[in-house]
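So that you can tell them apart, the chains are marked A, B, C and D in the order they are listed, and the count of residues begins at 1 in each.
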Amino acid sequence: MEKILELFSKDKFSKNCGIKVIEINHGYAKCSMEITENHLNGIGTLMGGAAFTLADFAFSLAANSYGIVAVSTNAYISFLKKCMGGIVTAVASEISRSHKLGVYRVVLTNNLGEQIAEFNGTCFFLDSHNTENTH
Amino acid sequence: MEKILELFSKDKFSKNCGIKVIEINHGYAKCSMEITENHLNGIGTLMGGAAFTLADFAFSLAANSYGIVAVSTNAYISFLKKCMGGIVTAVASEISRSHKLGVYRVVLTNNLGEQIAEFNGTCFFLDSHNTENTH
Amino acid sequence: MEKILELFSKDKFSKNCGIKVIEINHGYAKCSMEITENHLNGIGTLMGGAAFTLADFAFSLAANSYGIVAVSTNAYISFLKKCMGGIVTAVASEISRSHKLGVYRVVLTNNLGEQIAEFNGTCFFLDSHNTENTH
Amino acid sequence: MEKILELFSKDKFSKNCGIKVIEINHGYAKCSMEITENHLNGIGTLMGGAAFTLADFAFSLAANSYGIVAVSTNAYISFLKKCMGGIVTAVASEISRSHKLGVYRVVLTNNLGEQIAEFNGTCFFLDSHNTENTH
């Protein structure tokens, strides 16, 4: 896990968003992000891209947790509740994982434990027979 | 359009991402983002959250272009091609719009005109009978 | 619930698919479908459209369970495992529900209790101020 | 193309839905479905599962058009307009295709040429190094 955490600590975009890793395990990751004025859109609520970034980062951590490189192919996000401040927590868990594909669900909650977004992400696992770019 | 652009210019998250508005019209928006090292993930490619943010911003502009407040409900993104630098352009266009709901497609392309991501976003339009939060 | 079940019993498409309602409650529904050769695609596995139909029907039941008409706006489905026979069960549960919008997750499992698909559906609730078509 | 069309002609589920292939080409397919009372839900409109089935079938045809087996991994559909009768046409076109992954967009239109649904599907291509099931 240390190698993975080291790799993800080089992710500048998520670092600039203030995302922190709380826990990582096989197929699982928990992260948090404190909402500052830098995360807000024009009407003063959490920008969709900021919420997505937190979810996507937790998803990637969970997907890469086995030490096999996981390339994200697509993702779906539902915005459930406005958010204007406090700490948002993302919990990524594995729905399914095969030799080639992984599917993960990420639940975002606010300070009060209310779910503010639901995220589903799919990834493709690279292997020794297939180290070239899949894209 | 000026009032809308003024509102969106207050979006700190997209501003910090370096997103610029190129064009806005009814149901249409074009934006760009120059990729710097601040947009990269741990393996040196454009972070999914950064790509999503650009797409989401263009979608929101197009959805709000009629002067009626549009609240994003969900979005879907496919990552098609790695991106390591240059300028990414997002073009948001309207697939469908009714009294209540709008659906928009956003195409992200790189410097070479290659599509790097496909985004679909759905929004809900607030009206005078319905000014309370939909969430 | 009886009025809702009566309405859904008129759904010819799901009836022809052999879908049965097992349980319905507020924000919840459980349905099943026995796979016959009529549900298979050219390579002898459960056709994606058949799996989607089961999930969509359970989602609609759960969304309409309060007696307020719910119109489906979009849905996302991940296909996790091939399925070639037996009974598929769909459990729809509510992720979020407001005055206007509902978000539901549906889990499809096979005979062995293995998850074969994950579905997310969003709907819009019609009300007295808004009885016209939202589309 | 003949081998592919023969394979897809064995798809019983789509056949029972009355889906017809109009055209197929590399990365492209056009299909149609005449709406009968068998396609309707309890409120007399085209059932979501029937619309999805048509879109999914056109997507699969386009994805398999190169003679390489394509396994669908996930799909997203937006329902844009009610449909109560007539012929629905699905046009599937390729957004992106690599050695491993394909992404396709399907547009569903009614008799009047109005778009009634937008579909996005992702597939995984099996190859000689990878003939085992990806799921």
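One rule holds in what follows: a residue touches a chain if its C-beta (ideal position, glycine included) is under 8 Å from a C-beta of that chain, and two chains touch if they have at least 3 such contacts.
It should be emphasised that the depicted structure is a prediction, and the values quoted were computed from it without experimental measurement.
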Angle, in degrees to the nearest 5, of the Cα rotation that carries chain A onto chain B: 180
Far-end chain from chain A, centres as C-alpha averages: D
Mean-CA-position distance for chain B and chain A (Å): 19
Intercentroid distance (Cα basis), chain C paired with chain A, Å: 27
CA centroid of chain A to CA centroid of chain D, Å: 31
Residue list for chain C, restricted to those that touch at least two other chains: 73-74, 76, 78, 80-81, 103, 122, 133, 135
Chain B-facing residues of chain C, complex: 73-74, 76, 98-101, 103, 122, 124, 129-130, 132-135
In the complex, chain B residues that touch chain D: 76, 78, 80-81, 95-96, 103, 105, 115, 118, 120, 122
In the complex, chain B residues that touch chain A: 7-14, 16-17, 37-43, 47-50, 52-54, 56-57, 60, 72-82, 133, 135
